[in-house]
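So that you can tell them apart, the chains are marked A, B, C and D in the order they are listed, and the count of residues begins at 1 in each.
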Amino acid sequence: MSVRDMYREVILAHAQDPLHSGKLPDATDCVHRENTSCGDAIDLCAIVKDGVLVDLRYESAGCAISTASASMMTDALIGMTKADAAAMLASFRAFLIEHSELDPKLEELDALEGVRQFPARIKCALLAWQALEEILKKT
Amino acid sequence: MRDVRRDFPILSRTVHGKPLVYLDNAATSQKPTAVIDALDRYYRETNANVHRGLHTLSEAATAAYEDARRKVARFVHAARPEEIVFVRNTTEGLNLVAHGWARKFLKAGDVVLLTEMEHHSNIVPWHILRDQIGITLRFLRVNDDGTLDLSDLDAALEGVKLVSFMHASNVLGTINPVRQIADAAHAVGAKVLVDGAQGVLQMPVDVGALGCDWYAFSGHKLCAPTGIGALWGRYELLEAMDPFLGGGDMIESVRLEGSTWAEPPARFEAGTPAISEAIGLGAAVDYLCSIGMAEIQAEDATLTAYALEKLPQVPGLRLLGSAPQRGPVFAFTLAGIHPHDLSALLDEDGIAIRAGHHCAQPLGRRFGVPASARASLAFYNVPEEIDALVTALMGAREMFANVRS
Amino acid sequence: MRDVRRDFPILSRTVHGKPLVYLDNAATSQKPTAVIDALDRYYRETNANVHRGLHTLSEAATAAYEDARRKVARFVHAARPEEIVFVRNTTEGLNLVAHGWARKFLKAGDVVLLTEMEHHSNIVPWHILRDQIGITLRFLRVNDDGTLDLSDLDAALEGVKLVSFMHASNVLGTINPVRQIADAAHAVGAKVLVDGAQGVLQMPVDVGALGCDWYAFSGHKLCAPTGIGALWGRYELLEAMDPFLGGGDMIESVRLEGSTWAEPPARFEAGTPAISEAIGLGAAVDYLCSIGMAEIQAEDATLTAYALEKLPQVPGLRLLGSAPQRGPVFAFTLAGIHPHDLSALLDEDGIAIRAGHHCAQPLGRRFGVPASARASLAFYNVPEEIDALVTALMGAREMFANVRS
Amino acid sequence: MSVRDMYREVILAHAQDPLHSGKLPDATDCVHRENTSCGDAIDLCAIVKDGVLVDLRYESAGCAISTASASMMTDALIGMTKADAAAMLASFRAFLIEHSELDPKLEELDALEGVRQFPARIKCALLAWQALEEILKKT
């Protein structure tokens, strides 16, 4: 598999027009996460109410993989309970690292399958999710 | 210049079925056969510990190690071999001055002047020292063209005890006017430390003519092995410095109650040194001298001119830095494609460039680009490789553009 | 054990027309073809800077570098690869603990317990630290047989915050009871740093079973290249430590105003690391594992027993140290011949031994011998080489005796 | 030339029974000098009167070369003026390093000629002389 195949159309599309990006003025939680090795960074903010991720937004600087992952992640998780989001996180991690099946609710993220062949890029795909993990730990 | 490409075995390899186009020389240089063979020969024939043996192997290893010091001294035109301290890399050289000189001679409130274009290795040691002894850090600004803003150098030098800055930028390509800054610094009694990591492969270096007090560089960026570098320092300054690491070889005598220090350079080379690596560095400077640093500089100029003609032809490409005095280092952004993606895509075509902050985050902030792509050339690159880069950039642009809207 | 001599190219060379008899292994070990070839291959095929590249060479170099870390971690039975910090040598490893941990956590009056048998590299860093922050140094005495005097260990441990001592002596051969000392130290809340320079090639090392907190060693004494070594540390301790050198790769982020640190081990590996050397160290531990450290230990025991039988047959020879637990390191004096003269004479017979203070001047004073000769063996030595040594010692004696009166 | 040839009989004889070794209770000057790389050390003491080296004694720990050199040096220099001794030092240095002729007054030291072939041992032969140099600089 070539690097070119990693960049599926849907990834490039998300990367160029990321969903749910921007500031979240009423955020209850915000975290900053960086990949020290490449400098990719994300500020992920959430409005959490009664254990539900009512809204998620982020500002990020990163490659197509990390931006697309953030875009698809927020799109899939907004409205979920924290518990469900935690399950999604576990599913996505296992998908990338152990090559297991992705939870159907994360359907679109299947486009990141190609990333698994490029160990250096797995951390790009995970960046937004690591930020999410910290949000989930809070409160 | 004679054909040097066949001196570098790695240059004939392929990547993804394409000939390797290695444009990541600012990160590390490739090694000529002469250097690789020097290591091989050392381990097959003379490997032994240095300085403390009276047997043939140890004497041969010691002679080769000290001979390497002489070669490096000549290479940078040091006044004497004892002015060369072997270190792991530029980073260790800079830290050595911070620990051995600045920690001893600076006090709270003393100003160290750096620049906004520095590599992390010339910023972080000063952060650490500041947090420990309370020095003040000041930074020379960078102009939009990537040159240092020296318009008010005298004001910037007020209260300054040490100026530390890079010879050549690993991002902008800028070659800084070392002599001018050094003279101004010395006029106010400040010492001058130069980060020569990028300078040393780009031009003949004469530390006396540069007028600095210390000059640090890495072997791995100079066609030599990893794990070795050198700090040149004026001997009187080295003599005044405290040791950094304690251990064997850097002492004069050790009692349970206390130790006394050896003279430089031994004082700063605690423990078994990187022997084969120093010998490899000696072989590298021999190799470079056999070509001629002036020839290398001329070759760089040719490649630089060609790249500056070709790269701007790529639509959406923005070069960082346009200093008139510059080396063959080109950081850029390409509209719509993140540098990491670019680097990954170019790799498919066998082209090695770097992407990221290039260990110069403050500079990236100055130019509003947290990450950029960087193609950096060395004298063994050829114009056809710049053509290949341009073609690949066009291809990447097309691929990403196809999705757009 | 299978015939390993042909794995080491240098062992087939001659010195002054005689086959090389290399008995200076405690100074540095020789390198097997597997290690020499690993360096060669690296420079011919994958040389690139690590951690920051997204191109094939850089990814391959990074993978190989991190793979070496995993191999070294397994070799000493570390809990995880991140517990291995690559350093230049044992000396840097010990200094790293002094700078990164002791400077941060110790204060004036805190006691660091060392021993009288330490190598300078485990004395001088503590002298330097004492002179800077006022810690108190205390030394465990050495018995006449070369073992540590542990008769009043509990008293010696009073007020102690750190115990730092060698696994195996580079002079006496003594193997110290690490576990016993570590347990006693931990019982009073002290941390335990072990200088494993000599231990690591003599026996299987399991840092968990040894019960220490840090373990430092040099690659060059472990069949690996110069310029590389490792400090193992319990991860929580590494995490608590301050960085030592500042620069690239050890940071999380850098602003002009300040920097934040990366997690260990990156935090302690500033600048471009000794990449090929780490890979060479990985190849060395692979090689050693292919033989088996238990087999190596058994071979050492055979050689030791043979040497202990033969050496005392030389009239006038006085062995330093007769500890029951010992490695194949034999320091001695020969009546009427200074060790330097002995070493020079033996060299004529192709025999490489060392002469001097072996970087352990306090120990020399303890035994009243400012200089001694030292024959140190490794698993690739053979009994015939001990015979050659004995014959040569006899010859030297005769030559010097002929003049006498 | 072999190492064995460096150890001429006269050197071994001096090394085994060094002349003028021991303490010098009425010394006007004493200096300590060490070769850090090998640990050889010498304490050289002198009685200097009216610019004359009335007596020289030393205590040393070192190899045959350094001991013989100290023995022969003191034997040759006792009674000389400091100026003459300085000339002898220059002559001996040049003999070892530039292979020039030795001053006839240092005749016996010619036995150290073989040392010139062994760079690592030159510093052994020079140790006592370096101590002398410091004595000459004093007062």
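One rule holds in what follows: a contact is a pair of C-beta atoms (placed from the backbone, for glycine too) under 8 Å apart; a residue touches a chain by one contact, two chains touch by 3 or more.
Everything quoted here is computed from the prediction, not taken from an experiment.
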Check B-D against C-D and say which one is joined by more contacting C-beta pairs.
C-D
If you average the Cα atoms of subunit B and of subunit C to get two centres, how far apart are those centres in Å?
31
CA centroid of subunit B to CA centroid of subunit D, Å
46
Expressed in whole Å, how far the mean CA point of subunit C lies from that of subunit D is 37
Could you grab the centroid distance between subunit A and subunit D? Build each centroid from C-alpha atoms only and quote it in angstrom.
78
Mind pulling the residue numbers of subunit B that touch at least two other chains?
16, 52, 54, 251, 253, 340, 344, 347, 355-356, 361
Note: subunit D residues in touch with at least two other chains are 37-38, 121
Checked against the stated definition, the touching pairs are A-B, A-C, B-C, B-D, C-D
Using the touch rule from the top, collect the residues of subunit A that touch subunit C in their complex.
34, 36-38, 119-121
In the complex with subunit C, residue positions of subunit B that touch it
9-10, 13, 15-16, 20, 22, 24, 27-28, 30-31, 35-36, 39-40, 43-49, 52-58, 88-92, 94-95, 98, 116, 119-121, 123-128, 131, 137, 139, 218, 220, 225-228, 243, 245-251, 253-256, 258-259, 270-277, 340, 343-344, 346-347, 351-356, 358-359, 361-362, 365
For a test of understanding, state which residues of subunit A touch subunit B in their complex under the given definition.
2-4, 6-7, 9, 12-13, 15-16, 37-41, 61-65, 67, 118, 121, 124
Per the touch rule, the subunit B residues reaching subunit D in their complex are 51-52, 54, 59, 62-63, 251-253, 262, 266
Once bound in the complex, which stretches of subunit C touch subunit D?
16, 336-341, 344-345, 347-348, 355-357, 361, 364, 370-371, 399-400, 403-404
